Amino acid sequence: MDYQPINARVSPEGSLEILSSQEVNSLKDDGEGGLYRLFRQCALAVMNSGSHTDDCKAIMETYADFDIRLVQQPRGIKVELINAPAAAFVDGAMIRGMRENLFSVLRDIVYTHSILTGPIGDDTSTSAGITNLIFQILRNAGLFLQGHQPNIVVCWGGHSISREEYDYSKEVGHQLGLRGLNVCTGCGPGAMKGPMKGATIAHAKQREKNGRYIGITEPGIIAAEAPNPIVNELVIMPDIEKRLESFLRVGHGIIVFPGGAGTAEEILYLLGVLMHPENRELPFLIIFTGSAENADYFQMIDDFVRGTLGNEAASRYRIIIDDPVQVAREMKAGMEVIREFRRRCQDAYYFNWLLKIDPVFQQPFEPTHDSMRALALHRNQPVHLLASTLRRAFSGIVAGNVKEHGIRQVEERGPFEISGDADILEPLETLLTTFVQQHRMKLPGSTYRPSYRIVPRES
Amino acid sequence: MDYQPINARVSPEGSLEILSSQEVNSLKDDGEGGLYRLFRQCALAVMNSGSHTDDCKAIMETYADFDIRLVQQPRGIKVELINAPAAAFVDGAMIRGMRENLFSVLRDIVYTHSILTGPIGDDTSTSAGITNLIFQILRNAGLFLQGHQPNIVVCWGGHSISREEYDYSKEVGHQLGLRGLNVCTGCGPGAMKGPMKGATIAHAKQREKNGRYIGITEPGIIAAEAPNPIVNELVIMPDIEKRLESFLRVGHGIIVFPGGAGTAEEILYLLGVLMHPENRELPFLIIFTGSAENADYFQMIDDFVRGTLGNEAASRYRIIIDDPVQVAREMKAGMEVIREFRRRCQDAYYFNWLLKIDPVFQQPFEPTHDSMRALALHRNQPVHLLASTLRRAFSGIVAGNVKEHGIRQVEERGPFEISGDADILEPLETLLTTFVQQHRMKLPGSTYRPSYRIVPRES
Amino acid sequence: MDYQPINARVSPEGSLEILSSQEVNSLKDDGEGGLYRLFRQCALAVMNSGSHTDDCKAIMETYADFDIRLVQQPRGIKVELINAPAAAFVDGAMIRGMRENLFSVLRDIVYTHSILTGPIGDDTSTSAGITNLIFQILRNAGLFLQGHQPNIVVCWGGHSISREEYDYSKEVGHQLGLRGLNVCTGCGPGAMKGPMKGATIAHAKQREKNGRYIGITEPGIIAAEAPNPIVNELVIMPDIEKRLESFLRVGHGIIVFPGGAGTAEEILYLLGVLMHPENRELPFLIIFTGSAENADYFQMIDDFVRGTLGNEAASRYRIIIDDPVQVAREMKAGMEVIREFRRRCQDAYYFNWLLKIDPVFQQPFEPTHDSMRALALHRNQPVHLLASTLRRAFSGIVAGNVKEHGIRQVEERGPFEISGDADILEPLETLLTTFVQQHRMKLPGSTYRPSYRIVPRES
Amino acid sequence: MDYQPINARVSPEGSLEILSSQEVNSLKDDGEGGLYRLFRQCALAVMNSGSHTDDCKAIMETYADFDIRLVQQPRGIKVELINAPAAAFVDGAMIRGMRENLFSVLRDIVYTHSILTGPIGDDTSTSAGITNLIFQILRNAGLFLQGHQPNIVVCWGGHSISREEYDYSKEVGHQLGLRGLNVCTGCGPGAMKGPMKGATIAHAKQREKNGRYIGITEPGIIAAEAPNPIVNELVIMPDIEKRLESFLRVGHGIIVFPGGAGTAEEILYLLGVLMHPENRELPFLIIFTGSAENADYFQMIDDFVRGTLGNEAASRYRIIIDDPVQVAREMKAGMEVIREFRRRCQDAYYFNWLLKIDPVFQQPFEPTHDSMRALALHRNQPVHLLASTLRRAFSGIVAGNVKEHGIRQVEERGPFEISGDADILEPLETLLTTFVQQHRMKLPGSTYRPSYRIVPRES
């Protein structure tokens, strides 16, 4: 890997990236309310996607003198890059996939800003208002294609997985792609990259030139899980809750590969949302899958879900071990169920309006030592609220592992403390310990220093 | 022409027409602030484009029981039409060009509404704010294509012209099209349709599959000057001033064919804007052209301009009689001048940011008996302000001729009265009288009842 | 019209025009068996399409010093033109439609030559062999699009028609185009150009970017009936019989507009072929149509057909006067009949294999004074053979009117003599005389000197 | 792998696959001169591409009851498959890449047959005639794209290579693809598949939707080296010599990965051709490359070349070890040299007309026990003829290894015997022995039984 930084001017594709003078100014503004810092950070993440580190602090320090500027040009806006990561370039020219993703970042940051600082109608204090905002950002990003059948498979799983796990996820993507399905992930390496690579090869075999490799991320995670340049539809949501909601509104089925704390967070979010009574009849195909050696892993996850949320929650997913063809066939069949259901209910294929998401899953959770300590990990609540609380616990742990803000807090004040009822803390601790042992918290090579500490409730 | 109304459901093309629940509701709302009435009226105009009347009151009465509704569908929104004009359909299926234009109307109405009721940043009380709004509406309509050279020729002229004038405008369009130029007009029949037809044939000869036939209109005029279905990029600006500004920001050259009061209004607007001192160095190719029999007409216009605004104003345009090839060649050469200038000044090819438009040309003029009477038609003002005032006079006359609101006022209270200095009123009256004699105020067949009365100032 | 000749180098589009050294040499060869003369003549005709003369001798003389050469280039072959007609160019650049047609000429001449001088299998002495040759030339020209429904309407009619007749043919083309139908003609002005222009505008309204404007011609007629540049699929068949067969194999329906001797020839060919007993059940929609003033014309044609071939022949066509919408609706409905029939019989949509064409219609007829005199115009033969003989009579008359070889013969030896039974000669003479009176033999302006003389049989 | 055979009907893409009745009949004919057997065998090979055997006899036996038939359909020809390999299908539908390749087989077999049985002009007894035939087959296959810069990299190397060698070839393909280069191979697994996979991923990153993955094969090898479905331009040449010539005429540079006897054959062919005196000035970039562990391998090849053909032959290639980026950069730079040279010499970019190929390299070599025994492996000849003789020796060995006909001969009469001068036989034997030891003769798992025997000349 060549770390010699590069200076370059790059042009966008498409007309959405045409900016007004006003918008250009907001991106140049690095004061309060200005977007410069956010834009610089996300742009750097996109360009750093070739690198093999998930340590965003390290990235930011390596490219401390990286700078990005907008330049008005007769044929449209250009972006000037100073001291940019060399991995984004081939012989001095930026890889086109990176270039497109760079301008997707630009597009979403500008648009989200204009919506949030703007319209009276965008009341993000209500649940409907938040969903409406998500709809608008996704629409502006061009994610809604009319006339398309349901065919988007969301793939979740760890960014730090073994070679065998990676190859397995690739083969699943290959089988999905052979069946004309598209892949949506949270960006990043590992289980988010494998299925896209596999699908790319399969789409080539099927002469599918318009394969979709959708990446949905958010500013806090993008540096740690940079979009690889195969991602050809990148969306930057404002925060993690809106990103998770996007997956559920846009995806028609979800596959979960082995992962760590981030994957557990996603599973808890997903099950928590689906366990809302209004979603009981809603079809949503969820498959947990991995190679033979992952059988134990999913047994452990299954135990944790049954032990904390109960058997009904466990009934929403299927576990398929070592059978990519079967995974893809079930997913393909599930698409037909979705299609029928949406048609019957007159719901859009491209956006799951009918899914009820409780506001507790929509409100951003800011992990701090106080908020982590305050999590109510007890059974005196509806099970979907318990799922939400557990989700937040994992969210905090992930932040302490890989997010800039979280890492700094843990560095300054030590691990986050998590407490609660013993019959919840116990399966939680079991799970977390195994994650650490299996190196599911960090990329291999780096030693993991836990960002959390389980504190049994003093009773 | 078949007047048997038709009921149908039609689907949109493209992803911009995907609406949120909130937006659907605003279009259904026919109360105060709701968009239903506006949408219905513009939709009706689009579908009525085959008809040969410019009497919008008559149109509205003919289709009094026309109704339009949005229907949410799994694959996106649909529009349900009840008692729609049969001319929009071929054997029961809507002509695709009409269908696209119908959804362009939808797109612009929803978007403009969301901007105007929304963002803090969109301050339309300032000149920059208005220009910014125009930029956003045009961008949202997909009008800005990056990487394209300047090639948009705005064609102005009467919608009520003779067969010979029409054929001449068609041949000019043909010569433009053979040279790879695109056509932008205000929609409607006559000199706005001829160049598009000619360019369509020429583009077919040149195998140019992406020829652009841009129509820019506004709710007040769309019924009288309905977009013909060749128009493949239709934009609905909120009012006439923003529509005129759009022509100047988007077009790279302007051709004026013979017309009536509306054309005179456009000429006065154009010259008034260009005579602002800051625009002195700005290249902008303007050609007045017509067949041999129109030589007198343009002599008359030239006399009027020189008599009211002076010779400098007249130096901004060229008059070419009976030579479509020459018109097209000069226009093609002018494009190169624009390209060079914009490149040198780092201005966008797709939007003329550098053009200075005095606020007086941006503020909507609401023609009433009072406002028309109050127009200051005297020489005690900078010439570009006089141009603006003359422009408003014509604007009122056009409104009294063909716009619903204007017609009603004139019906109720008699013609608008226009007064001022004799040396301005005199050339004005000469011009208007000739327009009436030459049937340039209405489509042939209908008798013209003047919507104005020249009232010499009592001195 | 600018007669200043132009020198230029033009490049082809597409990969079929890539030539081997051997093929390039055959095109350069102006000796016996060489293709230079043929190529030069057809190329000149294509480039002369803007002109308003149908006198091919005059054209050849005007451009006596026109030369055309092939130039090998790194990126493929180029064609160098010396003293080429200026009408093919816009400001020095060849109109792209002309350029494409120029290379279609090249493609077909080279390919036909290679087939005819080549394969053992291409035995053009048998009926099947001729049909196979036609199939191969059309396939090589890319005329067969798989997966397309039947939608090709062949339009026949005079190249020398009145403005009203032209406008009517344009409106028919417009109505066909609005219904998604494509137009195939024999190239040239008049009734062959009108429907294409109308369809072009209609396809633009329907956003049909892949409208097909197919021209099928042959070297003997191309100079007189040059393909206009709207033609986007041009095929040069080796002779008139293969050209006529192509229309019937490729077209799914036929519309006949008013014309002269050439049109009569086509009608006789068409009816003669269809009256073969094996074609009795074969659906083939034929419509004769014209404006109200053409009612008499078609009455006359109808009389002639009934008077010579009988009522059964007349039952194969419908006459529709002054109703373009009805013509297009019936044609559209006829397409569905064809589709059903071909599907049932497992015949290709793109090539009418099932149509039986008697060898007498396939063998070239070389009109000379002897062969014309020898035509057997009597009733002692099956009616389809009588049709064939009548067809040849008209073919000779057309050759004497507009084909280089025919004109020369008539100049040298006087008009062709036609003799036969009185009850056939009489309706024939009536028809021909009317054609002359109605100026249907030549473009207006030139005086017609008959190329034939009716000689009653001495009995 | 699922061996349950499948029955299906499949349709082609594109218009070249439209067949005449005559052509359909030739494909159905399994008598003398009929094409059925050839078509069946190649079709089976294409569909078997997923399998992991290179034993064509085994393949033919496994699918002994495979049958293939042409069915005329209204919308074009269809192919009916009986007992086809399941690997070609996904849930019952044929993988589109396979389907396209199946119809490429059809296209080339029919076309080559029509040329060879046909045109007087196609005299394959002369060198120019053979090159002309190759040109025609490649043109008919659509391989010549006008207006494209030189960018085709031919990759040669073993089909039976290690995982590390495979990964290295993939990374080279990735680096080529990132630089916009396309890949052409002989089809099959190993070093022919790796570069295509790598280029596919790279083209996805660069948003290159029209990446070319060209496979050139011939009936004798296609079963052993089946085209993988990424190959999107497949051509079947009539024999191995025309296949090798195609690589040199079409490719703009050649990369050689480690391989076995087949690769050695290709190297000898390549160097032999280039050492013809007339090719001395012709630029042709050749790179031998492999991972660090292959350094010895290429040393061995280099020794063999220097020991038999001399140092001048060795000066035509470069050896680059373990540096895919450098390989790709040199290849990219080499393209520019080719471009300049062809432009200067007015030679086509898409076909290397200037390359002189001695007839000895064009004449098919039929390996039999007699012809192999008769090879003149001595130094009393120009070096390019010695190269040709060595090439034939390897050709025979490959045939004995993997070609149906060769295998049968060796089974019946024992290994081919090769004799000659000791100073040529010695390096030859050294090379072959090493190939056997390194398992470069067969896919891993099968035991190699040599198809040759070195017999020192009795002197």
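Letters are used for the chains, namely A, B, C and D, taken in the order the chains are written, and counting of residues starts over at 1 for each.
By our rule, contacts are C-beta pairs under 8 Å (C-beta built on N, C-alpha and C of every residue); 3 or more make two chains touch, one makes a residue touch a chain.
Since the structure is predicted, the reported quantities are computational estimates derived from the model, not experimental observations.
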- Go ahead and align chain A to its copy chain B using Cα positions, then give the rotation in degrees, nearest 5. 180
- Message: Using only Cα atoms to place each chain's centre, name the chain farthest from chain C.
- Response: A
- Roughly how many whole angstrom separate the Cα centroids of chain C and chain D? 47
- Item | Euclidean distance of C-alpha centroids - chain A vs chain D, Å | 44
- Rounded to the nearest Å, the gap between Cα centres of chain A and chain C is 63
- Message: Which positions in chain A are in touch with at least two other chains?
- Response: none
- Query: What pairs of chains are touching here?
  - Reply: A-B, A-D, B-C, C-D
- Item | chain B - residues contacting chain C, complex | 90-91, 95-98, 100, 178-179, 197, 200-201, 204-209, 213, 228-230, 232, 329, 332
- Task: Within their complex, state which residues of chain A touch chain B.
- Result: 11-18, 20-22, 72-76, 114, 117-122, 132, 135-136, 139, 142, 144-148, 339, 342-343, 346-350, 353
